[in-house]
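As written, the chain order gives the labels A, B, C and D, with residue 1 at the start of each chain.
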Amino acid sequence: MSDLFRVEGLSKQFGGLAVSRDISLSLPEGERLALIGPNGAGKTTFVNLVTGQLKPSAGRVFLNGQDVTGLGAVQRVRRGLVRTFQVTRLFSEMTPEEHVTLTILQREGRANRVFARFRGDSAVGGEVEGILATLGLLDVARRRVGEIAYGQQRLLEIAIALALKPKVLLLDEPAAGVPSTDTPRIERALEQLPPSLAVLMIEHDMDLVFRFARRVVVLAAGEVIFQGLPAEVAADDRVREAYLGSYAHARRVA
Amino acid sequence: MQTIISIAVDALTYGMALFVICIGLSLTMGLMRLVNLAHGAFAMIGGYIASYAARDLGLWYGFAVLLAILGTVLIAIPLERFLFRRIYGAPQLTQVLMTIGITFCIIGITNYLFGPTLKTIPLPRGLAEPVDIGFRTIAAHRLFVLVCGIVVAGGLWSLIERTAFGVKLRAAVDNAAMTSALGVRTEVVYAVSFALAVGLGALGGVIGAEFLPVEPYYALRYMVTFLVVVSVGGAGSIPGAVLACLLLGAVDTTGRYLMPDFGNFFFYAAVILIVCLFPRGLLGRA
Amino acid sequence: MAVRTLMGAAFGLLLAGTASAETVKVGIIGPFSGPFALQGKNFQAGVEAYMAANGKQAKGHDVEIIYKDLPAANPQASRALAQELIVKDKVQYLGGVYFTPDALAITPLLKQANAPLVIFNAATSAIMTQSPLVVRTSFTTAQTTTPLGKVAVDRGIKKVITTVSDYGPGVDAENAFKKAFEAAGGQVVESIRMPLNTTDFSPIMQRVKDSGAEAVFSFLPSGPTTLGYVKAYNDTGLKQAGIKFLAPGDLTQESDLPALGDGALGLLTSFHYAVSHDSPENKKFVEGATKAIGGADQLSFPSVGAYDGMHVIYKMIEATDGKQDAEKAVNAVKGLSWTSPRGPVSIDPETRHVTQNIYLREVAKGQDGKTYNKEIQTFPNQKDPGLAPAGQ
Amino acid sequence: MQTLAQTQPVAMPQPKRAWWRDIVGVALIAAVGLAGYWLFPDNLALLTRVIAMALLALSIDLLVGYCGIATLGQAALFGAGAYAAGIACVNGITEPFTLVLIGAVAGSLAGLVMGVVMLRASHGLPQLVLSIAIVQLFHEAANKASAWTGGSDGLAGLSPAALFGVFEFDLWGRTAYLFGLGLLLTVFIVLKFVVRSPFGMLCRGIKEDPVRVGAMGAFVFPVLLKMFMISGSVAGIGGALAAISTQVVGLDSVSFELSANALVMLVLGGIGTLYGALVGTVIFMGFEHVVSSINPFHWMTLVGVLLIVMVLFAPRGLTGLMETYTGLKLGKRGGRA
């Protein structure tokens, strides 16, 4: 069975500094993988390498069996590899409805039309309403994003990603910065993700990781030091060393 | 060969004159993030003061230069306090609007006070005469400008890299909130750097007057040139500004020598090329 | 100040058209502000000097002047101002105009407006062909330049390099000089056109030096660039090397001379007017114009164009007895001749352009220590060579 | 700040109908335009000039206000339209609408060239400098090609045919003004649709965050290039109108000064609303006209004071000021300029 998403030997060096070293992992359809690691382990660099924001020094990225290493970020999105951002990147002057509408029009290749109505299509309208409803954003659908709660903004990040109908979804710390009263809402959203979707989540909140992930990968100093079931993570020596050791050796990779 | 050296000398001195005028703008734009289109207006004020002092009052040239710098800074202080301080950190377009407004006012007032004619700054005998430098003659003031440029570049570099003030300035640029939390009065640092930039502009206006004659529309006429030179060099970078001035001076001078009919094409084509290759300027800060 | 007549514009746009029948209004468009404000002030000085000397009435009709400011070449604004003068202020005559494109924007209006345009400056030959209602009292670049060709040859100069600013008048000057000089037997070894915004002329001077020419012919617009050019000519040692300097008089206009200083001594220029021109008419004119402009060192050639322009307008008013009839007015001044401050002049009946003496001048030092343009040779009754043959 | 604890109602709130405000807005522009026609019948050439400038300012707003691209070279596109229409007119194509079309096409082609170069840089200052360099090159080219453009003497001898074969472009300028007003209204309505279209939304997105737009799977470059072409055609229409109404095209129509003036007017009016471009142009040019009539020698000082006062008391422009005091929102605008 070919994996939906696979990276092989991905490495990145900035100058002489290796930020990612020979990372390999794969996600079959329906996978729920959590990528964890101490601060500075190279998680965000990894996401940027996978999504095409950064060019790897070595290694390859496969999507649906096709090599997409040479493709830019936008092309990868169009092939179904979609991400959310650790710090929300939204248009503060637009409403959630507008965000999702724009995304759907884009997916259908209609976002570049000059002589078309933005809100005219009832099919699109229905889909927008569906997505916003799934994420519980209906009541703020027509408020400016700058005015809504941060937790809702994080949900909107996910809503936009879902509107692209992704095959592989990279969630970059979806619960970061969200008040603890709001995390259940995000968890519920994650549970409702389409079952066939392969999800790679980067997260600090271990409770969330244990509840969500079927498999865990631990990254430290740019290297994969553990791959396995959530239950095994805590017992692994190298993981303990990486987390606790990081306090002993200060920051190895800034 | 002799011609090439000769052109090179011209390019070098012209570039240096540009450098002295522009470096102040480079500081305000790079270090204070202020697109100060009124910089030329300050250079012009310097030129007017020097002209008044040297031509109308008959004062010694060096004294006139000094007076020009001090006078311009003196005029700039209230402007900084009441106008410029309001637009630090404002969007670039707001800064453009405000500084164009200030330029208009300065032009209008200068015109009113001094009339629309050209103002000359008489050079002392030693600088006024051509000097024989072996293979050609060159105006002595060109050599003087060259020396000034080198002194200004060296002095500024050591001020910013080597002194306590330089440390504070660089810190304030990188993180104003943190720097003031550390007890540095950032508005004083800004005011001093602004005064420094204006003073340099005035100096440039005076010693560059042989290239860019002083008249009321000076501030508008050369606004674009200054802005372009600074951007090409990379705002805030002294070596960048030197490099940009020399490079653009060279392109301009050789272009005008080889194909004078297309002089401007060379200049602006070079600008486009450089900006496309180095969007932050030749040695701009990332 | 006559400008104050426009005070009403702020509120009075609605109250337009209350002109009294016996007043003849003249609208003058010129650069009264901006980089060329000095030339506009000269327009005004010429007009005021004429009216001070000849009264504010022409054949019993009050003459009222309305000034409109057009700081830089801008045909769109020029047309708007002309339209406002004609439609709102109901002027019978238009005058002034410093830049060629501005004049070209006005010419299409004249016929319908039934108003003549008397150009005080704009110096491109072709304007005259655009409308039969245009009369010009200034000069054309070709007119002032052409005699220099002969002058050069007479002085034993055989090879000349031309350096002109790369714009209309500069190109006109280059062509006119080349034609005249080569007709007289000289050879133009090289022609350089310099971009208008050139500030450092050293490389140009290097070219001049390399060309092996015995003289350099130049044309630049009057103002700041002239200063840099003349400085470079001196600084690079061309003067010591004996390379002569020839140019139309725009380069050494009187208001720039103080700035040029002693560096300008010995420059040869040809022009239709020097403030120093020795005649009783000019003495009177300079006195009046100086009073109007506020300082003798600001006076320069546009003032005389304006002065004579007003003379033409007065004659037109007399001929039509204050009635608005553009064609009759223009016909009345065809062939008109009089003694201007610059010397004897007449309006060519064919081209409606002024026929005048062109003088060769040398910058010299007067007894008061100031430099001035000293007239040393006269070329009488020069027409505009740019207009002589019909068409191109 | 609210939390997510409340559960959501099932239906979305009804959309606020924004377009009726635009109908009122367009009607208001038309009314003001016609009022100008009746109130100032002697200054129609000036008012036509204002309209041409307003079109130029509108075209800048499309880039600055909707895409976040700073430009000080927009006159390159205006001039391209003016010269194209002018050259066509001299060579026998005199029908006004055809000339406007030619201007629009030429403007959008120039916009294409300008976009390709300017989009090499991704942010403020380098873009500004590129735009300046381009307008200077255009200026230089227009000066050099004097056989076509008349160089610094200007391209003269345009005699556009009567509008609809009936209304002459004459001394009084009524035809030119009403023609211009019609063009302005048409362009304004079309642009309102453009900025409301999916494409317009995408542009606003790019202005706020190009990386997010990329993560949505949309290429940024072609979108912006398209906006450059639309903006170019608007500027080109302005240029063509100027050429037709003035019957002369001068080098000033491809100058840095014109670009800077138009940008100043736009910022004065407020960016990102389309209305700001109109308000700013009318106020600035009206102010300039009145002040320079009262005192041509000092108008520059007063205009300078106006700009300073504006920055100090209405940093978001006149429309921003109006929104603050009336609570009426004229359009969506980005947080930063």
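Methods note: a residue touches a chain if its C-beta (ideal position, glycine included) is under 8 Å from a C-beta of that chain, and two chains touch if they have at least 3 such contacts.
This structure is a prediction, so every number in the text was calculated from the model and none was measured.
Participant: Sort out for me whether B-C or A-D is joined by the greater number of C-beta contact pairs.
Facilitator: Between B-C and A-D, contacts are more numerous in A-D.
Participant: Considering only mean CA positions as chain centres, point out the chain farthest from subunit D.
Facilitator: Farthest by centroid: A.
Participant: In whole angstrom, how far does the Cα centroid of subunit A sit from the Cα centroid of subunit D?
Facilitator: Chain centres of subunit A and subunit D, defined by C-alpha means, are spaced 41 Å apart.
Participant: From the mean C-alpha coordinate of subunit B to that of subunit C, what's the distance rounded to whole Å?
Facilitator: Distance between chain centres: 36 Å.
Participant: Starting from the mean Cα coordinates of subunit B and subunit D, work out the distance between those two points in Å.
Facilitator: 33
Participant: Taking the mean of the C-alpha atoms as each chain's centre, how many Å separate subunit A from subunit C?
Facilitator: About 73 Å, centre to centre.
Participant: Of all the residues in subunit C, which ones touch at least 2 other chains?
Facilitator: 33-34, 37, 166, 195
Participant: Find every residue in subunit A that makes contact with two or more other chains and list them.
Facilitator: none
Participant: Which subunit D residues reach two or more other chains?
Facilitator: 140, 144, 297-300
Participant: Could you run through all the chain pairs that touch each other?
Facilitator: So the chains that touch one another pair up as A-D, B-C, B-D, C-D.
Participant: Write out the stretch or stretches of subunit D touching subunit C in their complex.
Facilitator: So the residues of subunit D in touch with subunit C come to 39-46, 48-49, 52, 140, 143-144, 146, 150-154, 156-157, 159, 170-173, 242, 245-253, 257, 289-290, 292-300.
Participant: Using the touch definition from the top, list the residues of subunit D that touch subunit A in their complex.
Facilitator: Going by the criterion above, the answer is residues 1-13, 15-16, 193-194, 196-202, 204-205, 208-209, 211-212, 214-219, 222-223, 226, 230, 332-335.
Participant: Under the stated contact criterion, what part of subunit A meets subunit D in this complex?
Facilitator: 51, 53, 73-74, 77-78, 82-83, 85, 89-94, 97-98, 101-103, 105-107, 110-119, 129, 132-133, 136-139, 141-142, 146, 148-152, 155, 160, 164, 179, 181-182, 185
Participant: Could you list, by residue number, the parts of subunit B that touch subunit D in their complex?
Facilitator: It comes out as residues 29, 35, 83, 86-87, 90-94, 96-98, 100-109, 111-112, 224, 227-228, 231-232, 235, 261-262, 264-265, 268-269, 271-272, 275-276, 279-281.
Participant: For a test of understanding, state which residues of subunit B touch subunit C in their complex under the given definition.
Facilitator: Going through subunit B, the ones touching subunit C are 3, 6-7, 10, 14, 111, 115-120, 122, 130, 136-139, 142, 210-213, 215-217, 221-222, 252-254, 256-257, 260-261, 263-264.
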